[in-house]
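Per-chain numbering from 1; labels A, B, C, D, E and F assigned in written order.
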Amino acid sequence: MSAAERKHEFVDVLRRQQIEEGLAADRRLDGRKANETRELSIEVGPVVKANGSALVRLGNTAVMVGVKILQGTPFPDTPDQGVLTVNADVLPISSPYEEPGPPDEDTIELARVVDRGIRESHMVDMKELAVEPGKKVYAVFVDVAVLDVDGNLFDATSYAAVTALASARFKKVSVKDGEVVQMEEMVKLPVSTIPVSVTAGKVGEFLFLDPTGTEEAVMEARMTTTFDSEDNLCATQKGGEGFFTPEEVLRQMEVARAKAKEIRAKIKEAVKNAGKE
Amino acid sequence: MTELINARNIRIDGRKLDELRPIKLKVGVLNNADGSAYIEWGRNKIMAAVYGPKECHPKHKMLADRALLKCRYHMTPFSVDDRKPPQPSRREVELSKIIREALAPAILLEEFPRTAIEIYVEVLQSDGGSRVASITAASAALADAGIPMRDLVVGCAVGKVAGKIVADLNDTEDKEGDVDLPVACMPNLNLVTLLQSDGAMSKEDFEEAFKMALEKCRYVYDLQRQALLEGYTPQKEDE
Amino acid sequence: MSAAERKHEFVDVLRRQQIEEGLAADRRLDGRKANETRELSIEVGPVVKANGSALVRLGNTAVMVGVKILQGTPFPDTPDQGVLTVNADVLPISSPYEEPGPPDEDTIELARVVDRGIRESHMVDMKELAVEPGKKVYAVFVDVAVLDVDGNLFDATSYAAVTALASARFKKVSVKDGEVVQMEEMVKLPVSTIPVSVTAGKVGEFLFLDPTGTEEAVMEARMTTTFDSEDNLCATQKGGEGFFTPEEVLRQMEVARAKAKEIRAKIKEAVKNAGKE
Amino acid sequence: MTELINARNIRIDGRKLDELRPIKLKVGVLNNADGSAYIEWGRNKIMAAVYGPKECHPKHKMLADRALLKCRYHMTPFSVDDRKPPQPSRREVELSKIIREALAPAILLEEFPRTAIEIYVEVLQSDGGSRVASITAASAALADAGIPMRDLVVGCAVGKVAGKIVADLNDTEDKEGDVDLPVACMPNLNLVTLLQSDGAMSKEDFEEAFKMALEKCRYVYDLQRQALLEGYTPQKEDE
Amino acid sequence: MSAAERKHEFVDVLRRQQIEEGLAADRRLDGRKANETRELSIEVGPVVKANGSALVRLGNTAVMVGVKILQGTPFPDTPDQGVLTVNADVLPISSPYEEPGPPDEDTIELARVVDRGIRESHMVDMKELAVEPGKKVYAVFVDVAVLDVDGNLFDATSYAAVTALASARFKKVSVKDGEVVQMEEMVKLPVSTIPVSVTAGKVGEFLFLDPTGTEEAVMEARMTTTFDSEDNLCATQKGGEGFFTPEEVLRQMEVARAKAKEIRAKIKEAVKNAGKE
Amino acid sequence: MTELINARNIRIDGRKLDELRPIKLKVGVLNNADGSAYIEWGRNKIMAAVYGPKECHPKHKMLADRALLKCRYHMTPFSVDDRKPPQPSRREVELSKIIREALAPAILLEEFPRTAIEIYVEVLQSDGGSRVASITAASAALADAGIPMRDLVVGCAVGKVAGKIVADLNDTEDKEGDVDLPVACMPNLNLVTLLQSDGAMSKEDFEEAFKMALEKCRYVYDLQRQALLEGYTPQKEDE
């Protein structure tokens, strides 16, 4: 059952007022303007035991993603397609508000929103991930480990997941006379587009990108939009117990579309540089 | 492969592009609940119940300045083509949260500090658009329970099927179409409380679809208000 | 671990006294005599996505049952028989005393008693539900959703389950050269008898049929008896922290046997009328 | 197919129609429990333990006017022919409740308000009739723990096998027979506290079987009383 | 998450002092010397429905173990070996400190330490337990039911598990033309050595064997060592929130090695006597 | 079958018999934790965090005379060759306990009665010896959190491979070798706080291996102390 859990720092009234006044003057607590995002660093391939991996830091938020490409069985309604699963764990090392245990609703939403960004953009061509249609396919596990929490897990996780997938390498298998044979050559996943999510928070009448933990603690609503390499919107998720005016929605779409382009360039560069090593 | 929209812009179930499926809504359908509503929307059959304001359990979740809003969206095992296992799926967990966040802005939670308000949605038969049908029914159930609200909440999905923007996708259109865009809003205040989308849309696509969704919400709102005015009439809710 | 949970309204001493005095005069709170049951309404087929379904109202108690007929594997000890499973969920919409979560012991008992009524009466010929003996059989899922609680879930659920099974239609499959082929024709389940359960409550020295929620709150014991179309007893379940004298047991058997006949006629009529549509 | 009863009315294990399997019962078999009993009944080997009256956890389950009675029936994984998974099955959950409700009427729970009394039944090896053997052992363990009772509780199952009413079904008779009718009662008060049945019986069948069950309970009661008089003797309980 | 749970009796300061003074004089509460173990009784085969079983009493501690030998599938990394699983349940009948429920960390440690003693000593030749390598093997389930707790579950459980395995009998199967055929003859498990665990407790500077429940309540650390029939150490486990000096470790090894020999003789005798019946 | 040690006593990864794999340790690597450390030991990549002393939840676990020490050892799904399911395995449950008991003797828990201290270990990539690497990192994280300790705790495993006693087994040696002997100690007090072993060893084997383990702990301790002196330097911890 869903209920509002307080999973963030307590922010007192004076601080809240300070944040609102700052937003009115387009100057946030950490000095950013509304449409500025924090420093983004992307490390490609820290976990060599995974087929792909990435460690993303967005300000003080740190997320690691590992991708495993295994063999599995297809879903009955898509017998000729591979299977992709996004699973998230906000680790108890990451915040004083996290307890060990099965994922709560926030973590499930995080995993599902990142999943939809990947799936709905058709980033990975799932039809190329069948080994024996109806029987054996590749199962791509995207496992998210949140290491340090300071707001905007949606975007940090999305960037890490996309980087890990785009840089993943694996050995294909084929089935000969009922026996599974592993090929020698390492190949990439069939990746055709780079989906990029951009999240805005809202306090009062102000919208701003890439909220910190403190901003999330006072924020009334959230809007996460994901764009593909052709600048199409491919997934949206409103969150929080607040609302948006129709105009805010339309305006924010364009702010996010532009920002997604910027960040896509950084992800592509990180993947490309890693490929050179 | 079915032709989802024919040459004369008629959809597989005979509807025009911007036409909604038939909707029936009735409130006061359960005896024990403080408020309840039953909606049939296409083949969706959904029951919503509200309990509260009531004592908050467990106590450490109690909020000093407002009511704790709880919400569960649940599908019965027989509601879908295959049998759904009884335990909640990840999809149901996410929808419980999304629906709660779509309704919360409308409820005067601050009038009932230290209490809990519980919203339960049970999908007895599911079709495309079950989340917006659920929100529409749950909002009616809140009103039926006498919970004070800033505005009602209604929802409607719009999507893109065979290259065209269409209103209120049914199951087949949802599965074989390109885009689903469920929206909920407080119609009198003109504020959006739920917004999701799946599938690639250009700027123009989104703007056309979003506008259509808000218009259709207005239509659903008229039905909803009508149902609340009629209140409970002692006919069976599923005739 | 089993322990007495209070899952019903609180009934004060005066009310309890009123109930007992009423029973002594054969006049219950709602005006019924001891051996009268509440109004029974049966709607057949409300859920078209299920193979069979029914919505039963017994007074203010409302129960919906959906039947799905899928393909499954037989149990090792009955390789040539289909599989039937009854699963119950007393939904949180149904009562202020129900919380969401896995079924508690009352709900498990409910499902198992209804299951035994169906199974022990041999209502459905499970041997006709094998597709390929030892490998593939039909799996019949009887899923119970209790919508509104005002006492006597046992009988309301039993009537709904039996109606849903008796009115179910499905497409048979056959296996040809290892491939599963679905037939076009819709057929009925092989149903040979209609088991009907009748439940009595006991307060003091008084027994009465079809208890309401208020009566259950003061009741000391319960006896549920199920009879098949030949009026044989096919299942019994005593419940509650009280007892029965041997004479009470024998007397109640005959009251219930007669009542079951009456109710069986109503179920059969509802199924028959639905078949005509 | 085995012939379950032969021409001379002898059953597969050599018993007459109304003959019980050998029963051994001993109390005081565990060191830590406040009361305990061990029963061998046919191939059933069952240990029952009682803890309490003790503090009630969690507190919100505490009853102001009597002790909270808790009961668990549990089978060890090695107790059946196939291995039983360790987590409780639905059958074990139901039997825990049924056994609790069979014992509760005999216990003077009202003498220990705000406390808990715990009954644990562990089936080490199972055979037909394990629930009535469990009740018989648990009732002896309650007495061993010094819990005041209105009467002891004993149980015995009767059934219909190959068309005949027989007492105390073993595993094979239970599986291949037609009817199982477990009964428990307070023998001195002549009150029935457990009654279940499975399988088709005419009016006459039931009356014959029910009468036989009550008679056999009387016999089990004599054994049970004897065991309590002997109390704990330091021989091994499983010789 | 692991945390220190109090699952034993409360021992007051005077009692604790008495225990320490006793240890200084090599006289424990129950009269034993530090290196004496309690009376050990071993009953072989109490559960005839199991392939092997044993009831062990070590002082007032009582543990029953049942062994089931079923058919299963091998682990992917050992396709030609059988599978052995040790599962423990400290039953709620056994102690006022045990609640029903899934195994807690103490119970999981118990199962795993007993498992390692069996596995690391190569007591059962797992390679002989393949039926069809890669497809079908014997699955040996060692299920532990602790009946009465008075300290030293590690050793009592180890003795019961080893006795049950050493005395187990089962019917082999073979696969002919894809069909599983069961042989008539009852055979033993391929057992080559008898691992014996010996546990010491530590209070202050004193080490002592086979601690009772009262001793465990005051004890700072524990060391369990398991030896095979050739007197090799095959498994060690330190427990408790205390420590050992290196000298204590080395000294305790030799005390335990000698004691294991003694106890192995008793286990072998019990198994041998049971075999004669 | 690989030759695990060649004729010149060189191991498969080029090390000498008593040579450890490269170790990097850094503290203060997380923003939210009260103390943290990151260790790379061979291919192990492990993060440890400490929260506390903090309020103890649930209250009934609170200890009147000292802090409650909690510990969780956890492996991420991608840390091993096959994917590890997210829920804790029995191995992780045991290691959580073993690591807690290895660290507890060093912590002055009695200085913080009625509070809780939480230690979280996350294995991001695992290799042989992950438990001793975890203990070494967790002890550094405790020091980084300013928790007063009697001594630091360090660990090192020693084993027997191809008949020879070798230090610090890697994954392959762990799987194909004969013995694994992980040891942790408080090096200045010369007290052993973790000791496990798997695999057959003679008296002489054990004594040689145990001595080597204690020596190697000393070496790891020097690295650990160095890392604590350096404190947090703003380079990336995984370069």
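To be clear about the criterion, a contact is a pair of C-beta atoms (placed from the backbone, for glycine too) under 8 Å apart; a residue touches a chain by one contact, two chains touch by 3 or more.
These figures come from a predicted structure and were not determined experimentally.
Student: Half is the threshold here, strictly exceeded: which of B-C, A-F or E-F has more than half of its contact pairs identical to C-D by residue number?
Tutor: E-F
Student: Let me spell it out: compute each chain's centre from its C-alpha atoms, then which one is farthest from chain D's centre?
Tutor: It is A.
Student: Could you please state the distance in Å, as a whole number, between where the Cα atoms of chain A are centred and where those of chain B are centred?
Tutor: Here chain A and chain B have centroids separated by 27 Å.
Student: Between chain B and chain F, what is the gap in Å from one C-alpha centre to the other?
Tutor: One centre to the other, that is 52 Å.
Student: Roughly how far is chain A from chain E, centre to centre by C-alpha average, rounded to an integer in Å?
Tutor: Their C-alpha centroids are separated by 48 Å.
Student: Distance between chain C and chain F based on Cα centroids, please, to the nearest Å.
Tutor: So the centre of chain C lies 58 Å away from the centre of chain F.
Student: List, in ascending order, every residue of chain E touching at least 2 other chains.
Tutor: 1, 100
Student: Please output the residue numbers of chain B that touch at least 2 other chains, ranges allowed.
Tutor: 72, 118
Student: Which chain B residues qualify as touching chain C in the complex?
Tutor: These residues of chain B touch chain C: 30-33, 36, 43, 45, 47-49, 51, 54, 72, 74, 76-83, 86-87, 118, 120, 122, 124-126, 236, 238.
Student: For the complex, which residues does chain E have touching chain F?
Tutor: 1-5, 105-106, 108-109, 111-112, 116, 120-122, 223, 228, 230, 232-246, 249-250, 253-254, 257
Student: Which stretch or stretches of chain D touch chain C in the complex?
Tutor: 61, 63, 68-72, 90-91, 93-94, 96-101, 104-105, 118, 181, 185-186, 190-203, 206-207, 210, 214
Student: Can you list the residues on chain E that touch chain D in the complex?
Tutor: 43, 46-50, 53, 55, 60, 62, 64-68, 70, 87, 89, 91-96, 100, 102-103, 141, 143, 145, 147-150
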